[in-house]
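What follows is chain A paired twice: with chain B in the first complex and chain C in the second.
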Partner chain A sequence: MKLLSIAARAKVVTRRYPFEPPVVTEGFRGKIEVDPKLCWGCGVCTRICPPNALTLKQREDGTLVLSYFMGRCIFCGMCAEVCPRGAITVTKEFELASLTMEDLTRDVKHDVVRCRICGRVIGPAVEIKEATKSVGGEEAKYYDLCPECRKLVVARGIMTKVGVRP
Partner chain B sequence: MGEQSKYLPECPGMDEVTRKLTEEYGGRVIFSREAEVYVEVPRHALKDVAKYLYSSGAFLKTCAAVDERSLNHSFAVYHIFGMDSKGYDVIVKVSAPENNAWVPSIVNVVPAADWCELEARDMVGIELRGRRLVRRLVLPEDWPEHLHPLRKDVPHNFRPPSVKAESEFRPAERGIPIGPYHPVLHEPEYFELLVEGETVVDVYYRGFHVHRGIEKLGESPRFTYQKIPFLAERICGICGFVHSTCAIMAMEKAAGIMPPERAEYIRTIVLELERIHSHLLWVGVAAHVLGYDAGFMHTWRVREPVMILSELITGSRKTYGLNLVGGVRRDIDKDKMEKITKTLDRLEKEFKELANLLVSVPQIRNRAQGTGVLSRSEARALSVVGPVARASGLYRDVRKDYPYLAYREASFKVPLYTEGDNLARVLVRVEEVFESISIIRQLLDKLPGGPIMNEECSSIMPVDEMIPPGRYAVAAVEAPRGEDVHFLMTGEGRPYRWRVRAPTYQNIPALRPMLRGDPLADAPLTIASIDPCFSCTDRALVVDVRTGRARTIKLWDGGVGTCRL
Partner chain C sequence: MSGNGSKLLAKALSRLKRSIWVFHLNTGSCNGCDIEVLDALTPYFDVERFGIKLVGSPRHADVFLMTGPVTRETLPKVLRAIESMPRPRLILALGSCACGGGIWWDTYSTIGGYGRLKEILEERGVVVDRVAYVPGCPVRPEAIIYGVLVLLGAVEQKVRHEEVKAGG
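This part shows the complex of A and B:
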């Protein structure tokens, strides 16, 4: 009987979700969004991601793809904390139900730079371009060489300079 | 602590124990730090050592079996004894050469060692001599013989073919099954109750159905130290923060990393918030089990603001993702402090009214009083933990016995009842809610300033290199259900061995004395009264039940293995 008076005071507390918006506090972390304009494809986020929801893969056409699969995401937001470019934002979105798997994946495509000698992929184009800018000078000339070929080219250059036949 | 001396001897000091173990039993100190000493004893002396420690007032926390073949060509078992009244741990190691892998069992001396010994046998393949064996405790029936998943040569993602299940020891009489899926117990576990008329005369239990292989995963290349808090949090859906804090405390201990004071306070506050919501959840479920659904709904209504508060502070209702090695990720600012205070004030008022009402409802009182009794001596023998221990007159609380984080800074009472029945377990939890509210208030008042993250750890990557290999650590945290223990042996960039002992693991064996002699109708309440968490208990398995169709448990054709409790 006493419970009735408690119930009368409490009234209805349930909400008509999903016909009403859910209660989400300002502290809530939901899914993430990657800004393709800011992302360099460095892949730091893929190394910190506990459930491997973020992966960096190379496609056959040579492009590098940062893939975000929401089905695995645990909404921890660690990626946003470590992203050196501030390209990842944590949203308040958590209603991800969908009929197709594709809806749960977001890809950010990056062109790659290939080594001009051996053709091996060195890394994502934007990252290398920006890195080259900040390095500048003599070293910038070697931006499109893989570490192996760079060693050879530099060594050859030095040998020519000192007059030894490579 | 004086409470315990009435029925338990006062534990000797760490120096005395170390001296005794080395001089009289031929032990060798491997390593020691404040409140922890690791002693390796010869195999033949283990039983005597266990007898000595147990008779001087120690509780067995758990044991951890480790495959150390890659380090020293042997297997090892670490028995972790907690000297509650002096607040330190004695870790007794016994090794067995790889070609002669047996260790003596201590279960006849320390009954609490039963499960962890069987687990050592199942998961690492160490033979235990001198004890009654059941075919399997942890591994499923169709798991191949001689394949021990926690051995280092078994890859973490290995899926063995299913073999024909052998029939296992089971009672000749047929009992009343409860589970593996049961409307009252929300996780899969299986009890078979043998009855005479209406009275339960014996209990058989088969658990470990929620197989996720978390320990093995934590040791696998998939994980590194900084990711483990997130994995540990997923051991349990209710006390996840306890597990992540406990794992982190072990890692910080091993590496000598000191989290800033403010971070310790924040962790403590969140731990207490978690206790509040867990106890409220349980009180609701208890009412539900008794068929008092209105009480259940109102308890959960009162609980909801705590969940919303947790989300505000941490970013998520559960699996907070707040903890990192070296500190916490989010601060509690003025605005949040105000909201916490406001929510707690309201909760205290509402829950007081509701709790008084619930325990005075005659239908609840009559069902709970005098049922599911666990005596103090049985509680002591099984080393039960948490509210179950405190309802049976055992004064045990990690927060008091081994003060960690900011618990030294708060004054609080540990509710103690001696009846050992279901009502006592309800009352312990109800009182603990109010104590937790008071702890949070005190800590918010004292919250020190400063950073929330250790500077050396603030960059993410180096943490994995800050924890050197070859170190040991044991950490314990008082979860809502009792003492949670994590044992850590560090490796290169990730744990070499990570053993998790959840509170329910220690409490389930106590169900047998609780259920025997009681009417069948009280069994669901008694089972629920230990607040069982099966996903915590079962954390160590490697088989994914969903993929092995042949592993479906058949209840009625004798395919299920039961383990005598």
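This part shows the complex of A and C:
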């Protein structure tokens, strides 16, 4: 009898979840979303990510892939905090259940710049383009050289200016 | 497996839409997900309204609920529990640890989630009929309910593999 009176006072507390929208609080962190328009492929997020859910890998065809595996993500939101471009946003999406592991990954593909002399991969194309823009002037013409080749080219330039045969 | 067997299995899976019995095993988790499982059983979310209930023995269970990255210590117990389950065997990998190893993905004392466990099960010849991965750290009780619905095929899964090209 006592229980019945308590139940009558409390009424129905059960949420009708699958049939009504869930209650998501202000500070809830769900899966992250990488904006491909803003992402430079610098890889800062992959360094801060505690469980390595974000990885930057180079494929055989040379493209760099920023891969987000939410099956390992702990939803800490550190990547969104460190991203210099603000490309990563934390959404409130939590209905992530899937039947295969592949469906839990999201990839952002980046083209790369190769060194015009030795052909080595220097970095993601967008990042290098933007960096060149911000540097400008004389240095900008070395943008498609790897550090080694750049040293050689600069040294050769100085030597010809001074008059020493390289 | 013979054709007749797979037909029977498909029939069994199609019948398995409600009142599923779940065997919950902590496979080395931090207890975060276990508490969320408990939360899903409270009057707030009350999964028993769908007939889902926890059972004490894997022999009675339809779904094997694992939380945790499967530590080396729990691995033999997990294998024993999965092997003693009747077909159709369904597994719900709950939480980021059970899915991909979570924060413990490369530590020495865990095998790193269901990905590696799947290989071990295949080596031993244990057939698992369906698996659903539910990421979250810890998973919300709503996400657990959603995961069960995905596992039973009641709703379509929302996430899909995507590959987009960067640059404006």
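Rule of thumb we're sticking to: the second predicted complex is superposed on the first by the 163 of 166 C-alpha atoms of A that agree within 3 Å, B and C clash if a C-alpha of one lies under 4 Å from a C-alpha of the other, contacts with A are read in each partner's own complex, and residues count from 1 in each chain.
We adopt the following convention: a contact is a pair of C-beta atoms (placed from the backbone, for glycine too) under 8 Å apart; a residue touches a chain by one contact, two chains touch by 3 or more.
None of these values were measured; they are calculated from a predicted model.
Between chain B and chain C, it is C that contacts the larger number of residues in chain A.
When the two complexes are overlaid on their common chain A, residue A:Pro124 makes contact with chain C while staying clear of chain B. Contact with both chain B and chain C is seen for A:Phe75 once the two complexes are overlaid on the shared chain. Once chain A of one complex is fitted onto chain A of the other, the partner contacts of A:Pro36 are limited to chain C, with no touch recorded for chain B.
Of the two partner chains, chain C is the only one touched by A:Thr105; chain B is not. Once the two complexes are laid over each other on the shared chain, residue contacts for A:Pro50 go to chain B and to chain C alike.
In the superposition on chain A, no contact is made by A:Ala8 with either chain B or chain C. By the document's definition of touching, neither partner reaches A:Val162: not chain B, not chain C.
In the superposition on chain A, contact is made by A:Pro22 with chain C only, not with chain B.
In the superposition on chain A, chain A positions 13, 50-52, 74-75 are in contact with chain B in one complex as well as with chain C in the other. Within the complex formed with chain B, the residues of chain A that make contact are 2-3, 6-7, 10, 13, 23-29, 47-48, 50-52, 74-78, 81-82. Note for the complex: chain A touches chain C at residues 13-15, 17-18, 22, 31, 36-41, 50-53, 66, 69-75, 93-111, 124-126. By the touch rule above, chain C contacts chain A in their complex via residues 43-46, 49, 96, 99-103, 105-106, 113, 115, 130-137, 139-140, 142-143, 145-147, 149-151, 155, 157-168. Interface residues of chain B, counted against chain A in their complex, comprise 222-223, 226-227, 230-231, 294-295, 298, 301, 304, 308, 311-316, 319, 321, 329-330, 353-354, 357, 460-461.
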